[in-house]
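Letters A, B and C name the chains as they come in the text, with residue numbers starting at 1 for each one.
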């Protein structure tokens, strides 16, 4: 983390940096559960600048800021806002808002927006999702969840299931996994396979990965099953959808095959790719994963302000 | 109040519980007017999760939270929000948001939502209105207003005027009045009369009530005139509307008939069922009633966190 | 400032009052830059009641409130809100919201709204723009910017460029300039000239002003160039627009002609009337101007609460 901004997972490709973030997140959780008030960011102001709504991500950052003693100013949906409709550029908006706040959480529908914002801001920018681009804090909380559940990341067997072509979350997580020694299984319909550039990246990092045509072939041996949503429209035909849909839906039948200490992850929101029947199984880790977002964001805010 | 949640007026059908809430609300008002800072909820986070906008209700809860030293994360209108449009279930949303907050204020367009939310939340839920369902804190502030204005609730003569068929506010208030010994007059157009189930409830509780066809018959003897809005469309015809409308509009002429210490209440917003000409009359209690919402909500927040 | 409300620039037509506001704004900036926490408004609640969105104005008030230790309850866009759609009057809304807050920042699409609100509010109202009416804190921050950049306002030569007919900002600033001894140049297309009533005002105040047909004639001698946006539709024809547009666009060529210590101001948002090429020139004062809004609003909040 050389920059004061958090724009891309590329900034975190170092086990030592990742380790220190995770350790700080552990500390944050411990203090939070003990009810200890942290006042390290007292007097600081976080601005949520969301050009498209994302209640969960926004609430998780704002809750993190409050838990550190800071204040929040917030837009739910800046796209409806005057300056935007009057045609103000992102640059101008950022120049002004960075005069009113100490950190900006930016969610934007357009890829590259966070990087542009960082060039014009006088305060740190955190990319909270920029269209087809990145959402680095999501990738960090995903990786943190694996670390927390297993105690380590090396030697873990991870299956990525669903839409591997368009899934921003999957791409960002794969990037971070490049720092570790893991086994990866890729399971997707033919037309939603992982793009070549990510396979090349895994090759370059010397990471073992296999493309598998059916989750059932490896369900018994994996440690992590990371599920993402496939939109029905992505299938080639209704026929194909009907034929394949059960291979991409996780339910109690499939759970029976899994190891006792395996976990199921999902970036949420889910629609019906994971049956609610399994929510109470201890292996269903997706709500713990969402909660980890709070602690990761507390850790990142703490680090940014300690640094600057 | 056995549950940590506030879902229904049914939880409050006990004079002792109601008395202790009202006493705490009195204390809250006294401290607030004296400018005493209360820090009992320092470090706690209230999440406003409003699926339909209601500025007054939201502001009153958020102001209450701030006055107790707590913090707020807020959605004005969650219906426009990503997770909803992506089809996330209320259950999943609640599971996640309850990980980021210490209490959730839920406003939802669908009856029964608050009860569903309470089953999936790890933190207390307060129902701030669920469609045709309930809005228990409104009923509590209504009852508190009567208590405050008269010193007692027993032996008070209360006229309920307007749409008694659809009025959620009226139904909830009637429910709470079941704990007291009051006289009730019901005045509504024929087609907007109180449903049988509420009459049965009053019978069961041994409460004296009369259906009256014109407010003028009892205007001189009542203590409380609770006015609600009737939508013009609810009348059978334009003729009937023209004939009846003056019996459902409160103005200075009608005020002349009322006792000197009687009060007029209204849940607000009003349109034109109460003339603004009488706003400065001391018997116009509706703005005091709205303000009481602040103190009732402070009291409820205080009780919930003391309990948990 | 006799009233507790801030409704119009008319309240500030006094060098002594303006001087004390500017001095307090200087203090606020000094403390803010030194990282000194000001807790003067601890326990106070500011309500942002915005009937039309304006992120920059809202954020600047809310940031100011937080920096003084106060709390905020906020609506981004009250027009979508229940009470409004149910037809509640501004009076009723203000009566209720003033029961939940200690000060209300009101942005409304209708001229005169802030004055109406002030008559029904139990707490101070600050007009944050009321349609074609006023936006007094914008005028104060504009004047403060001139004071800060030059050390004084008397004897400054100010050119006002663009739409002088509809520009609310220009009209309010001209009003405040009436307290000083300045030279004013008015440059606009024929059909967007300053209305007679403002010229009469300047005459009455004995202020020297000239209407000029081209900025180039006076560009070398002015101290302040205040630029406003002209909507293309305001021109009589496409031809006229093409012919004139370059006289109303500020770029590096025009900058070459200006004095070394002159400044360029703009109320923002800009579209393309100022080229981004000149943003890094020290004479480009518009982002400093926006930042001054924070300190002016801190000063005004501080004064209002000290007074009441």
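What we mean here is this: a contact is a pair of C-beta atoms (placed from the backbone, for glycine too) under 8 Å apart; a residue touches a chain by one contact, two chains touch by 3 or more.
Since we're looking at a predicted model, the values are computed, not measured.
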Please decide if copies chain A and chain C contact each other with the same set of residue positions, more than half shared, or with different positions, and reply same or different. different
By how many degrees does chain A turn when fitted onto chain B using C-alpha atoms, rounded in steps of 5? 120
Taking each chain's mean CA coordinate, chain A and chain C are separated, in whole Å, by 41
In chain A, residues with contacts to at least two other chains: 74, 76-77
In their shared complex, at which residues does chain A touch chain C? 42-43, 45, 47, 71, 73-78, 80-83, 86-89, 91-93, 95-97, 99-101
Okay, in this complex, where on chain B does chain C touch? 35, 37, 52-56, 58-60, 62-63, 66-67, 72, 74, 76-77, 268-271, 276, 287, 290-291, 294
